[in-house]
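One structure is given below, represented as structure tokens, and several questions about it will come after.
By written order: A, B, C and D. Residues from 1 in each chain.
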Amino acid sequence: MKKTFIKSIEDPVLKEPQLIVGLPGVGNVGKIASDYLINELNAKRFAVLYSPHFPYHVTISEEGIIRLLNNEFFYFISEKKKPDLVILKGDSQSQTISGQYEVAGLITDVCKKFNIKKIITMGGYVNTNLDEDPKVFAAINHPDLNAWIEKSSIIKCEIGSPVVGTAGLLLGIAKLNDIKGICLLGETPGFISDAKAAKAILKQVLALTELDLDLSKLDEMYQELKEKLERIEEIEKEKGFIKKLKEEFSPDVKDLSYLG
Amino acid sequence: MKKTFIKSIEDPVLKEPQLIVGLPGVGNVGKIASDYLINELNAKRFAVLYSPHFPYHVTISEEGIIRLLNNEFFYFISEKKKPDLVILKGDSQSQTISGQYEVAGLITDVCKKFNIKKIITMGGYVNTNLDEDPKVFAAINHPDLNAWIEKSSIIKCEIGSPVVGTAGLLLGIAKLNDIKGICLLGETPGFISDAKAAKAILKQVLALTELDLDLSKLDEMYQELKEKLERIEEIEKEKGFIKKLKEEFSPDVKDLSYLG
Amino acid sequence: MKKTFIKSIEDPVLKEPQLIVGLPGVGNVGKIASDYLINELNAKRFAVLYSPHFPYHVTISEEGIIRLLNNEFFYFISEKKKPDLVILKGDSQSQTISGQYEVAGLITDVCKKFNIKKIITMGGYVNTNLDEDPKVFAAINHPDLNAWIEKSSIIKCEIGSPVVGTAGLLLGIAKLNDIKGICLLGETPGFISDAKAAKAILKQVLALTELDLDLSKLDEMYQELKEKLERIEEIEKEKGFIKKLKEEFSPDVKDLSYLG
Amino acid sequence: MKKTFIKSIEDPVLKEPQLIVGLPGVGNVGKIASDYLINELNAKRFAVLYSPHFPYHVTISEEGIIRLLNNEFFYFISEKKKPDLVILKGDSQSQTISGQYEVAGLITDVCKKFNIKKIITMGGYVNTNLDEDPKVFAAINHPDLNAWIEKSSIIKCEIGSPVVGTAGLLLGIAKLNDIKGICLLGETPGFISDAKAAKAILKQVLALTELDLDLSKLDEMYQELKEKLERIEEIEKEKGFIKKLKEEFSPDVKDLSYLG
């Protein structure tokens, strides 16, 4: 296994398909969003991408079975007149620089094969001081998409900003192949799996793809996480209190360590 | 030498062969186990794998001769009705991510060439608080192997656990080639060459392969190591005591260092 | 996208062309210089180089559009009897060792295609104690260029000095292809975008290429930067003063952190 | 430039040639030794090896000219009945793991082309407590060479010792191609360019190759270095003394830095 490759499972016929990409990254925003879409739409898997640039371990699937880390392509047939969807989710991104370009190049090949007209990539944008509802930032690879951004609440990324990883590189390579694309980045503190940011970008994805979908389960996910974090924080506080007590009332352990 | 390659020494004819893999890693559990099997079974070397992704040094063999780091394939012809064995041992694993995939891919090619039906990979699983007999954990790449685990004392690895290195990757790539496999991980504190953990997984390997083998020499190895460690610990304690004495009774050397 | 490649936009016919290279690096000297040349000469873009060894992110162009990081070739048709120019500017240099050689090799291929007679690479040379006008250092890949250096105020780099990155490698590879070249390095403290050092090397470039160009806008750029730096320094001083005050008059915050 | 390659300058006809390799490494022992041999024998350059795995900078040659880092092959025609010599010196070793194997593989190809019968690689062996004349250690890639070691004062490297870099890898790869070789390692403190260790291994090289050569210039080199080191040490001591004085008699500069 020397190269990134794609194993095809099915060759769906798709009308005017759009690709939506959500991979692990800052706050796991992209991954949460693509997983949610695939589950709620009951989208069907049709191809799997493997790469020798993914981390060198396997994972154990929900069926308790070893499998290579991968990126998976799903499709969803929309109602008449609406674009069909291809959704890409995954365990991981490439761990090497040239692997990042290799993987994004291969995803672009899939776009060409299925005649994909537009790409939407999803990710997170770190704001450690975030104290309100996450904003959504966007970057586009073609001026045609400006009109859409202007009528939305989305903020355009500033000139010179980097967009890191597959979410950015894919749109850069796609552009060389005349495929239009937009990258949506949800504001997130970054250190948590941020369902709130995922919801914020999915709202925009629904508008872009004319899709109808209930996003309320993401509120529940966020609520659960929040409660879990609060519990952890409390435990940590208590631990800190106990630790402080111990330190005050016990002799200096270090000085004794060698006399054992 | 730009690619991983295999140098063939002999082309054995094998009946229903199973591959057993033990390479260096956590606690050296896999390596100890494969070395033990090869020595006790007097298995015969038939192929050697070299890779430009192994560390960039040579080693000096027991015959006092320089040789490249490698992974070596041995075979063992079992009694009638029992599966023949291929055993893979080695000096090292790949030092680069893509090299890890390249090596595991080439081992899979060997499996296909010799029509190997099942792979058993062996390794360690770190538990720094280990204070009793090491447990054995397992991960499988096909549900057929569940039955076997259920009737044993093995614990299944949890969903989402990573299995790192060749022990995992080989089973991931093998799965894509319809070769079934199981990974056995022995609990180990990790920082020692752990013959006790190796014995624990070899017990399970014997059951899986219907092999009969005396494992008692691993007890001796473990006993020797334990005594050596205790001696080191004592010396360290004494050193610490002396160091403390010296610190208390000598002037501050640092202040004088520039005045010579 | 597995290899560095060049996308051609136009195939200009050039007379006795010379290549001038300025990429990001120490003090951004080379980049400032090549950007300036291209803007002031209104040079025309004719080819773009992309590489999987550039950083794995895209940038947002001045038109607000995502694009891959790249190196861009421009040409400028000079008056009769003077050499035409090819100018290479870029966002980035390769992030891997072998990528550095790959990119420099491909730029050499462009030189051969357009029958380029001489290469001038531009960069910075760190001098952290710089307190006067930056000197210009040079290294050449052919003794023919010595004559030119001797009649200028340029200082030759010492024997054994390394010239790092594309500015150096390109001249090393070009030499193997019988293309002459000179590397000009402007002295710079290194931590700022140094328009002063850029001006110093551009003066020499003008002499080498018989080009006429007003460099005074670089003085303005330098002046602006200087004022900005002074403002930052003042703010930092003030912050430091306030911080000191706070530390003296507030209780030890750390001790309270766990008691909330 | 994507691969390691060799540029041929001349195709000498050599009788029973032996290859002697000395590249930069610990204490620069190998490099000093090969440089010395080439200079004293007035050996002739016939091929140059370039690699995209060498450091990504050029150097400035003694003629003041930029050149790529390289490894250079020289030959020396010996008197009748004695073996001719090929000597390999160089600026650098590969900076990547797989590059190390690639370069050593290509050197082996040169050995096959010129029908080289024996390889001697030279390097250093760190001993930070070295207080007497450096010993020479050796590792061989074929038992035939044992006889030679046994009648010399050389110490055999212990079983399991690693021999790092080209000095080791070359003999590992050569062995796969049935070329015999020995690695000679001179004891060195490692942090200096150690002409004394170089002399110690060259003595053995002369015996192995039946070569007659005056090694006394290495004593002078060592003496010069020693005096230089002593002067540096003295300066450092003085600096330390002055620094200490300054610290005692000046106010705490740090406390004032923010108040300007």
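Note that a residue touches a chain if its C-beta (ideal position, glycine included) is under 8 Å from a C-beta of that chain, and two chains touch if they have at least 3 such contacts.
Remember, predicted model here, so these are calculated numbers, not experimental data.
**Q** Can you grab the rotation angle between chain A and chain B? Superpose on CA, round to the nearest 5°.
**A** 90
**Q** So chain A and chain C: same face meeting same face, with over half the numbers shared, or different?
**A** Here the answer is different, because the shared fraction of interface numbers falls below one half.
**Q** Hey, how far is the Cα centre of chain A from the one of chain C, in Å?
**A** Spacing between the chain centres: roughly 35 Å.
**Q** Report, in whole Å, the distance between the mean C-alpha point of chain A and the mean C-alpha point of chain D.
**A** 50
**Q** Find every residue in chain C that makes contact with two or more other chains and list them.
**A** Not one residue in chain C touches at least two other chains.
**Q** Using the contact definition from the top, classify how the chains connect: line, ring, star, complete or other.
**A** Graph shape, chains as nodes and touching pairs as edges: a ring.
**Q** Among the chains present, which pairs are found to touch?
**A** A-B, A-C, B-D, C-D
**Q** For the complex, which residues does chain A have touching chain C?
**A** Chain A reaches chain C through residues 94, 97-98, 100-102, 104-105, 108, 139-143, 146, 156-165, 168-169, 171-173, 175-176, 181, 183, 237, 240-241, 243-244.
**Q** In the complex, go through chain D and note every residue touching chain C.
**A** 1-2, 7, 50, 52-68, 95-96, 99, 257-260
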